[in-house]
Structures are given as C-alpha cells and as structure tokens.
C-alpha cells in the first residue's frame, strides 16, 4: 500500500502479473538479442553451418574503419536530432490545437490520423512528387529549383521532413490521450491565477503531461534511430544519393540481407542498441529530474 | 469591486441550478453565501470567476458587462472547494504561482509566498508537494495561493471546512482582517453559520435556484422571511408545529386572520423558557422532560409536550426539580403559510 | 471489533507523525478523533485500514495482530477525506460497488444502493457521474458507499465537513443510529467539536504525535489534562493569562504550591460571570466592555481588564447599564504548568 | 520429407519471386507439368518480391527448412555453397540435356567446376529510342557509344536529352568495361576497375552525365519516366520492362528497341535475371523430380510460352528458331533487340563476396552520378574495395 | 480576440490537414487511373476515365478474401493479447511492490531498442524449432506482448488517483478486480489509443507473416500487396486500389473508436 515494502510474497505475485509479458519478450526479444550479441563477437563465422572460427572484436574493428558506417552513424545522429524534438513539439502543438476545437474536432483528428494508415508506398510517391525537381509542388511554392531527393545536400533534410510528417498522427493520438487525462481544474485554477494561454501551457499543461512526453520522446528516439522503411521507400530502395541518407539501420539491413555480412550486421546492431540506450537514458534522466513530484511511492 | 447579477440563469443538462438570480454585492462587502448542499453555491462562484457562462442573464462588475470575459482578466481569486493545488509544484511554488504569472521577480515572490505561508501556518511544509500534505494543510495552501494575488474579487468556497476549530477561528478572523484592510469584495461560501454570522456583512441564503433571503445574520435569524430560512438558520433547528395543534395553548393576541392563513408554527429553542422574563409571552405548555444534553457550555433539552417533541435551550441543567411547564415567548415564534411565507413574526409583530 | 494500538509509530521521510501510540477502542464504541490539522488523524485511519504499515508497533483487531494484513481482509469501511469516488461509475454504481465486490446479485445490490442513496439524500442524482456532483453530494455518496458494506470497523474522515448544518445534523444522527443498531466500532475524525461531543462515546485528542487526552466530551471540556486540550476544546477559546498577572485578583484559596508551579491561568468564557450564582467564586475582575456580539441565540462579550483582553459568554446583552466587574468562577478555571500539564482544576479541586 | 510410394507422387516445393501475370504464367506451366505425368508434383509458392525471397531463403537455410528448389540469382551460388546447403545439378542434368541452352546462361552458372544454377528468368539490357524525336532530329539509331554521345550533344541545343539511364548506370558501365576486353572482375578474379581502359570506358558515361546529355533516373527509379516525357532520345533499360513500357507509354509516343551500342568495335550486353537452384536438403527422389521439372521447362513449347508471356529471353536456341516464337517476334518487334543481343551476351563471374562487390559498384556509380566524383577516384575506390572483398573471401 | 485566435487555429489546422489529406487523395485518385499511367512519374492529375474496374481487378489479383480473414484473426487476437499482457504488466509496475521493479522496467524499455530486423531470423529459427511455421500460432504468439503498449499504459496508470485504489481495496476489491473494474475503465482513452496503434501495427505487418508462412493460406493482407510490384516496376493503380481496400477497415474502425479516445465522463463540465 502507501508505504508498503516489497516482500518475497509480493514479488511472487507481481511476477505472476508480469509473467505473460516477460515470457514472450524473453523468448522473442531477449533471446535473439543475446544471440546477436554473441554473433557480433564471432570471427570467420559461417552463418549457415554455425561454424565459429573464433571470438574477437574483428567486427567492431571493421565498423571502426568503415567510412560507410561512420557516415551512417553521423546521419543517424543528425537525423534523430532533427526529428525527435520537432516531432514532440509539433505533435504537442497539434494536439493542443485539436483539443480546443469546439467544432469539427472529429474530422480533424481523423485527417491527422490518415498518414498513419495510408500506405508508405503512397506516401513516398506523393513526397516524391512534392520534392520533385521539375514538377514538384515544393519547388513551385518556394520558387526554387532544388533536386531535393537526388541532391546529397538536401536528401537528409527531405527524409527528416517526411518522417516528422508521417509520425505526427501517431504522436498526436498519444498526446490527445494524455491531454484527456489532465484534470481541467488545474487549467481553471491557473486561468484564475492570471496565467496566459502560453503560461498555462508552460507552467501547468506541459509539466502535467510529463508522463506522456516521456513516453513519446523515448518512443520517438527509439523509432527514429531505427528508421529504415521510409528511406527504402522514398529513395527507391537506395540509401539516397551518394548514401546521403544511409542510417545505422539501413547499414545493418544492407550488411545482413544484401551483403551477407552477418556478424558485421550484428555488431552494428549492438552499436545501435547501445547508442539508443545511451540517448534514451539521458532523456529519461532529464525527465526523471522533472517528474519526481509524483512522489517516491510510484514512479 | 461591485458585483451585479441580473436575471442570471444557469442550467445543466437536466437541471436548472440558478433561476433568474438578481442581486448586488457592494464594493468592499463581505457576503456569506449559505445554502443546502447542492443548491448551486459553487456554481454561482464559478459564474463569477468566469469558469461557467450563464445560460441567460448578465453579470456586471462595476457596471461593466463581463458575462463573456475571460477568467484571466477578471482579477478574481478563488479557493476551490477541492483546492486544485498544482500537483507538480511544491507548497512554496504553489503559493507563489499567481505572482509568477504576474512576472514578479523570483526573490520578491518567494518572500511574499513565505509570508503568506506563515499566515496560514504551513511554513514548515514549504518543500513538500501537495500529495504529502494533510487535507487541512492543502486547504490552507489553497487559501494562501488565493490571498497572495490580492484579487479585486475574492471567492472562497468553504475555505475552512477542513480545519480544526482553533485554526478556523484564527484564519476566519485573518480573512476578515485582510478583507477589511484591502477592501476586497468577498463572497464566502460556508456551511458554518457561526462563521457566516460572525464575519459577514451580509448573508445570502440560496436554495432551490433562488435567493431565499439576504440580510445581516441577526436579521435572518430573528426575522426569517420564510420557513426555509427559519429552518435553515440556527442550531438547534427551529421547532415546527402544526398550527391547529398549538392553537389551544396560545393565549396572547395573534391577529386571527393570520392564524387562519398559517399552516405551521415555528418556535426557536430559546423561545421556550423555563422562567418568564420581561419579554412578551404567548402561552404556556405542559411538558415532560425527555433528555438533557450538555455540549460544552451549552445545553439542550428535549421535552415531550401535547404538541409533539420540542427542543429548548433555556431549561437549566436539572438536579432534582424537573420542570412541568415551559413558557412560549413571542420573540422567536413565527407563523408560516402553507407556501412557506412568514406571516407573523413574534419579535417584530408582537 | 475491538481495536488496539500497541506502541505504534509512523514516520514519513523527515517527520514522525505518530509516536509510540497506545490505545484501545472497545467493540461497538464510537470514538471521535480530534486534533489540529496535520496532526496525523488521517494517517491513523490509514493505519487502521491497512493502507499504511506502521514503522514500528502492532495493531490488534480483537486481539489478533493485523499489522501486516491486507486491507481487503480487514472488513474496514472508510470515508476518505477526498471521497475517492470512482470517476467512471455513476452514483448508483459507486454506492453499489462494495456489494458488487461481495458478489451480491444485481437486483439486490441496486435495491440496497437505492436505499442508502435515499438515506443520504442523493437519490435524485443516481445516474450522474461524480464530476457532475456538488462537493457535498460527493461526500454523501462516499458515505453511502461506506455504510452499504456494513463493515466491522467504520472509519470516517470528516464525513460531514461539506454539508450544510441541517443535513449535517441529520446525517450525524443517522450515523449514530446505524452505529448503535449494528454495533460497529467506529472512528470518526471531525473538526466539529459539536459533532464529537454529541455523538461520540469517547473523544481522543491527538496532537504532536501523541494522544493528549481521551475521555467523554464533558470530561475533556471540564477537566482537560493539559493546556493544549483546554485550548483546543471549546468555543470561544479559553482565556489564557499569565499567572503572575492574575494572582492579585484571586481571593479564594488555591493551594499556594500549585500557584507557585503554575505558569498559565486558564478561564473558560462561561467562568466569567456577570452575577454570582451558587458556584464557588475565585475573585472579581474590574473590566471595561469592548464589544458584544450576538450569534444566533448566543452572545460573546469582549472585555478589557487589567490582566488583558478576555472573552465572556455570560454577560447579557446590555441595553444601558454596562457591567464594570466580572466574577471569576472556580468551575472553568485552570492552572497549567510551563510544560502544559494541568496543575489545578477549579471544578474538581476547588 | 516423405518417401515416395507407388501411389503418392513425389512432391517438390518451389519458391519463387514471380508476381502478378508472371506468376499466373508460371503456375500454368507448373500445372501442365503436374498433369503431364502422375509420379511427380511441383508445389510452387510465391514469396513476395526478390528481396523478400532472398530473406526467406536465408532464414530457411539457417533453420534448415528449405524447399526443394528456389529461384535465385546465380551470383548467390558461392554464398550458398559456402553455407553448404546447395547441391550441384550435374548428377541429375546431363550435359546433353543442356546442350541447346545458350552458353551465356551456363558459362557463369558454374562455380568451381560444378553447375549449380539453372537459367530461368533472364533478360538483357536494350536501347529504347523515341521514333518521333529521331525523325525530327534526323538521327539514326547509334551503333556505337561515341555515336550515342555525339547524338546527345547534337540534340542538346534543342533542349533535348540524349539518353536516360535507370537509377544506377552500373549495368551499362559493366557492359562498357566488358567491351574493352578486360571485364571489371575477370574469371581469375582480377579486378580491373581502375585500369586505363576501364577509366576511359567510364568516362564515356560520366562525360555525358556531366555534359547533361545523359541523365540518371534518381528516385524515379527507371529512366523510362524521363523517356516518356518526350524530351529524351534514348533510354537504356531492361528487356524485362518492355511489357510495362508498352502498357504505360503515352498515347502519342512511338518507340522501338535496339541492342545496346558497341564500344571500341566490340559488342557485349550483360544478361540479368534469375536462376533456379537445388537445395541439399532435398531427397534423391526429389532431386530427380527437380531435374525433370527443369528439363520440362527447357522443352521448346514451355520455353517459348514462357518467353512470349513474360518477355524474358528464350533459353534455348531451338526455342528462338521456333516458328511460333518467330511469329511472336514479328508481332512484337520490340522484343527482337534482346534476342539479337544474346550472341554477345555475357554474365558477371560469380564469386564469394559478389553481393558486397555489387554494393560497392553501385556506390561508385552513384557517387559519379550524384556527386560528380571523377571516375579515377570512384573507380579507384572500387578497385581497392573489390580487391579487399575478394581477398577476404578467398 | 477569442474568435481571431480560433480562426487562426482553424487556419493552421486546415493547412496541416491538407498535407495530411494529400497522400490519401493521391492514393484514391491513383487507384482509379488507367493501368500504368503513373509510370510517367508521380503527379496529381485526374484520370482521363475513372477506372472503377481497378478495384475488382486488384481484388482478384490475389486471394484477398482469405488474406482478409487471416488479417482479421491475427489482428484481433494479437491486439487483445497485447492489451491483456500489457495491462497486467503495467499494473504490476505501477501498483505492486516487488524486488527489482526499477531494474526490470528499465530492462524492458531497453529491449524496445532492439532493431526488429535483427529479430526476424532468430525468431524464425525459434518457430521452426517449435514446429510453428505455417500456423496461426506463429503469426500470433510472438506479438502477444508489446513493451511499447506496456510503457504507455504504465504512464497512464501512474497518474491514476491513488485514493481510488485504496478505496477499492477497502471496498473489497482484489487487485485483480480493481484492475479490471476501476483502473481499466477509468483509462479507457489511453487503452483505446494503444489498441488503435496496435491494430494498425498488426494489420500492416508484412515481413513476419511472409517469412513465417510458405503458402497463401495463412498470409495476411499486406502480403497481397506485393503482387503488384515486380523487378521492373510497380502497377500503381492496382496497388493503390488494393491499398485502399486494405486500409479501409482501419479507417472505419478508427472512426468507430474515435469517441472512446475521448473520455466522455471525466471531462464533464468544469466543476469547482
């Protein structure tokens, strides 16, 4: 209860509640992860016969020296930094706007949800058109003549835009659910306390939304670190012009499924995993410091 | 700030909570709002604060129509019935919040907050979050948060209900003092008639969507305009008897046509006396003593009489001699019509 | 159910809220828990309910140690200070919830819920959700929900604080009636001493982590064991004067060594009388009248005297003749040591 | 796998990456095979597109749940051999069975002296041309790459583009270097990416690109998009795309196909496409069935039917000479070019690490196309990368 | 002032909505184009003649009826399963005290970071060991747990009123009863949101169903969409037509669930 301490019995009971999830996650996520970790240390490994020539850091050394990997790493970090904050803030903004609509809220919510169900193929085709150098809408609007998708300078930016746009609906839904949970009394109280709309947002809504923000941020970091499908679709199966959009995940995919470099792919997976862990950890730490008001009891 | 309700009606889905309300609160007045639970007191405050918009009618502040004005611009401070403290802010930050919104600098606002925390005796809880406060502590923080912004209109929704008697008296007087000092127009919702009678300039009794009566505490107590008010104000509650039953016992002169129209006879507990005083007497009632109760320095006596059970607060604690008759004083006796109207008031009319 | 606290201590992070508490509540007893805001009343109820586990000590129900028993198996009913209604259930479902948990069939449980809703007068709100209820209505729903399960131990945390006087009296008596009828052991937290004095078999005063005194209402009022209790119980609050200041005015005999040890002299408002009665008198005080206040049928008089400002409730409303001396009755006068202990009690010792 | 009984036919499973109409055609042929006798049965199942199919084979190989045969590129054979799950066809297909097959299909299909891959869905690269523009500009179909380059320059002033490539021009580059006589990677696994002749050949394309007389398709994927816009004279594409080009060409556009131009007097056209492989896990009986099915597919009626319906190349000389097929060519003149290319068709040598090499090649061409990297630099990188790949996989 | 703000809000939202609508409209328009016209590059232009027949053609290009049934079965079971396992776990993390709670939770969050592409083949091997290839079990069981769903629900449960929990426990509810009778209904919007996201995830799952099944009998709708792409190009009109009927059920479902995304009761009129 309020100040209860864990006991053996309570731990057993909790494990019963956790068992289904743990079982499935253990078998289908943890176990493959372990095999991947192991594989990343194999040298002269025959993937099919399972013959292990030896153990070592060769695969990591390979990554260390591979310029493509460096590029992928740089692109990925750049991409995540470009996408995550924008995703969180745009989704929050849109959710806040949607939340206060007196009319047509359902309509707008549905529309914003559309990209999430529309097929990636259709989306990438439309963006292909929007970004097209000659008959693209973007160039027409901006009065430019940029080859967004085929110019290595712009291709990563284009990908960032597409990813932000596409994940918006998903995050809006989550933020709307979060906003729904807020007690309107706090808004009323802040209103009476003289808070402007902006002050209400920064001083009341935003801190109270912390749990949802943590969720969305962590999730955005994770999914964007793992971005692959959008690249594949947007650049017609390549990693963009001159590898401009190669990400760690694309690199991993290519090494594993195209080049049959299984241990290298595993090593890349390990690096990717470690990297996400690090960044997510930092984000969580940041939010943790800002959310301890929930009390030590739960949280 | 002068506040004026003109023909204000408020309906929720099925129910009309306030029905064409008209009244004015003068600038600097402290008005207590009394009324049964669910009568619309909180609703009324919410209307004033701008958190609800009336279904019909207009709300004027100093003569300006503010019916549709944003709450933020009304300069209203409100203690919510359930406090609505910000869960993510410490006590100090909660209290300082309105000042922060007004862009008061950090040092000044914390100094102020500290001062108000002291005022409501939560200065030893400043770093705690609301979750870790007791009910009464939360209520006090809410009060401090409201007072600190020095609003033009102060709305207090049962701000002291969770405090112990001593603290309650202290804070009640403190509120009164501050109110006097700053001259802020104040509406105080309370269920404690003692509070209302003691600090309010005027009391408004709200029930069934309408204002039943408005006036000073003494006026309401001594000259209720209808049976509801008579019944609602005063402990122990007024004794209500069928007029037909009591008629034989009344010897003094009550205008007969009034007696004719009346349906109910009301007797305050202090109007049933053991001895006669220099006050006019209406009659005498034979009684048998049923039970006596000492509450603090106060005693109540439950007696049995031919017209039913009655409560008197004027029978001394009996050692041996038990009274057999009680006198019925005119002051404190009322006649009510079937629709509740007060037809005759022993204090004023006798 | 008999409830026994043995050496129970409860600490939060920084603060010891309850400090080696020992007391017993007998089976069928109704005990009122009084104490200043933040003194740990809610904490104590939470301990009983099993929502908190004591940091040290044991809790016995009928002699069995239940310190670590699951709340669900304690057969405890509790009205929470903040009601804790289920937001997604209608009023009817809220009230019926405990019966649903007990697998009572649908028809029976709704019939029962209806009955209890009637009891607390929320039967016209049955289909509403908690958010659409007024504060007092929510509180009544919480009360009904607790009563319906007919617990073996009833814990009421200020269950009537948001109700108007009439309803409050009615429900208070209703609680008492049900309690008598079912013989359920009950702990009632209240800030209303009137409630406590009127329905409790016994009152426990909790402050500073300890039980200050326990006894009937009259005992606490007339024979407080320490200054805290004397101060805490009774309105208007007791007058407290420095012993040195009052000594010259005391003529009757008070044991001198007591007077020597004492630091403070306490005088209840009703011990300052206008006329002498057959009660022993300690002395006479010259006064000038400062202010008189009529509250309902009660009046309080603020007077100025050489020993400071005093409140008396025994000065009649003055028309013309204003009193110049007041008598100091023995009954209602107390001597307190510097540490608060009561050294001499005018009622018992004089 | 279940053993064949007298009553129950021996069943083999066949994974392929054919979709839509091609799948229909394939299924038709398979059911013909199944009905042609009662002892064998082929059960085919589509596994998505080729990328999906590769993933499935990898997964199945790893977990030892492979089918009997599967469609795959012969360039994967070295990897499969190393993984030890593919078996040579030689014991089951006699040389006589294959003698009529165009040698180009078989030459590189053998690895370390054994034949593992059976040609299946093959295509060649051809030159598409815009008849109207050709007539307008008075140009002829170029016979050589230099003609093509000159044509590009000539029409540039009229706002026209000479040639459009697909997203990557690596096939064309491969062809050009092959035509110098020293292929990018020789049979002895010698890498010739940055040889003088290879660089010169590379310049043929990059010079055009830099002069903007040629374009790559970029994210359009296929050069045909450009070609259809009517401002491009030529388009280098796969013969497999002809049916689709046919269907989607704008109304007014008249176009034809021709074999790719020659370079330095030599013709060479790379053959792309997929083959069939037989997996080791198959029982002897199944292997025999697989062989029977392959032979069935080589028979004239099947081969011609397959070629006509899908636009893939006919596999045998007999099929090409077949009157039926000739009639088809007459009606579909655009299909001729690919067939004409067959005599000088070639396939890359397969070696362990080929997929890595392919990625490196594609990156090199991409760098030249989108970053205008010099051939010297790009091909130099390719040279070292490829050498390293071959070295590591030795 | 208020109305200016409001119209600004509408303006911004409408602009956003247009970009959101565009791909969808494009999809619809393309699905009605004559075959292969879009091969000339993506552009929004009305078809010269509306090819309604694209829909039946696309429908018959692959066993979509069968796929649809499979998709339904898989989506329903996995979504319900995920919700159940996630709800149970989220409850344990928020309302139960046990040793290693923090570590276990953080460990699970870390597992969210494992790239799915790495899991494919090891899981396939597990499936073959279990002899589950080509069974519904393979399609369903690995997806019965979702750490993301658990995480979302845990965040929601964490903000639930503590006293309500205590009240329910005192009212005789076991943890189990509290969970299902109070906590879950009270968090309906979040649970619906999670469900919607999971449904979409399962419905669009492509790689796993393809890898784990060898025959059309057990395949799901997205696998059917591969029919329209080949090595030389994609038949966009048919693909889009198929896509439209593949995602149509999701839209209907979303419209239906929309009202549950908003908590009707807890958002009743503002109260003091």
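Order of writing sets the chain letters: A, B, C, D and E. Residues in each chain are counted from 1.
In this section, a contact is a pair of C-beta atoms (placed from the backbone, for glycine too) under 8 Å apart; a residue touches a chain by one contact, two chains touch by 3 or more.
Since this is a predicted model, take the numbers as computed values, not measurements.
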Exercise for the section: Farthest from subunit C by Cα centre, which chain is it? Let me know. Expected result: D
Fill in the blank from the handout: Dominant interface by pair count is A-E
Exercise for the section: Measure off the straight-line distance from the CA centroid of subunit B to the CA centroid of subunit D, and report it in whole Å. Expected result: 93
Fill in the blank from the handout: When centres are defined as mean Cα positions, the distance from subunit D to subunit E in whole Å is 39
Problem - CA centroid of subunit B to CA centroid of subunit C, Å - result: 21
Fill in the blank from the handout: Residue numbers in subunit C touching two or more further chains are 46, 51, 71, 82, 132-133, 135
Handout entry: Touching two or more other chains - residue numbers and ranges from subunit E
Key = 38, 41, 162, 166, 169, 266, 269-272
Practice task
Would you give the residues of subunit D that are in contact with at least 2 other chains, written as numbers and ranges?
Solution key: 55, 58, 62, 220-221
Problem - Contacting residues of subunit E [partner subunit D, same complex] - result: 35-41, 61, 120-121, 124-125, 127-129, 133, 207, 210-211, 214-216, 223, 226-233, 235
Fill in the blank from the handout: Residue set of subunit E touching subunit A in the complex reads 6, 9-10, 12-13, 16-17, 19-24, 26-27, 30, 38, 41-44, 84-86, 88-89, 91-92, 94-101, 104, 108-119, 122-123, 126, 141-142, 144-145, 147-148, 150-152, 155-156, 158-159, 162, 166, 169, 175, 187, 189-190, 192-193, 196-197, 200, 225, 234, 236, 239-240, 243, 246-247, 250-251, 254-255, 258, 261-263, 266-267, 270-271
Exercise for the section: Could you pull out which subunit C residues touch subunit E in their complex? Expected result: 46, 49, 51, 70-72, 74, 76-78, 80, 82, 84-89, 97-98, 100-102, 129, 131-133, 135, 145, 149
Problem - Residues of subunit A that touch subunit E when the two form their complex - result: 1-2, 4-7, 10-11, 13-15, 17-18, 20-25, 27-33, 35-36, 94, 97-98, 100-102, 104, 106, 108-119, 121-123, 125-130, 132, 135, 165, 168-170, 173-174, 176-178, 180-181, 184-185, 188, 211-212, 214-215, 218-219, 222, 225-226, 228, 249, 252-253, 256-257, 265-266, 269, 272-273, 276-277, 280, 284, 294, 297-299
Handout entry: subunit E-facing residues of subunit D, complex
Key = 13, 15, 17-20, 22-23, 45-50, 52, 55-56, 58-59, 62-65, 67, 220-222, 224-225, 228-229, 238, 240-241, 244-245, 247-248, 250
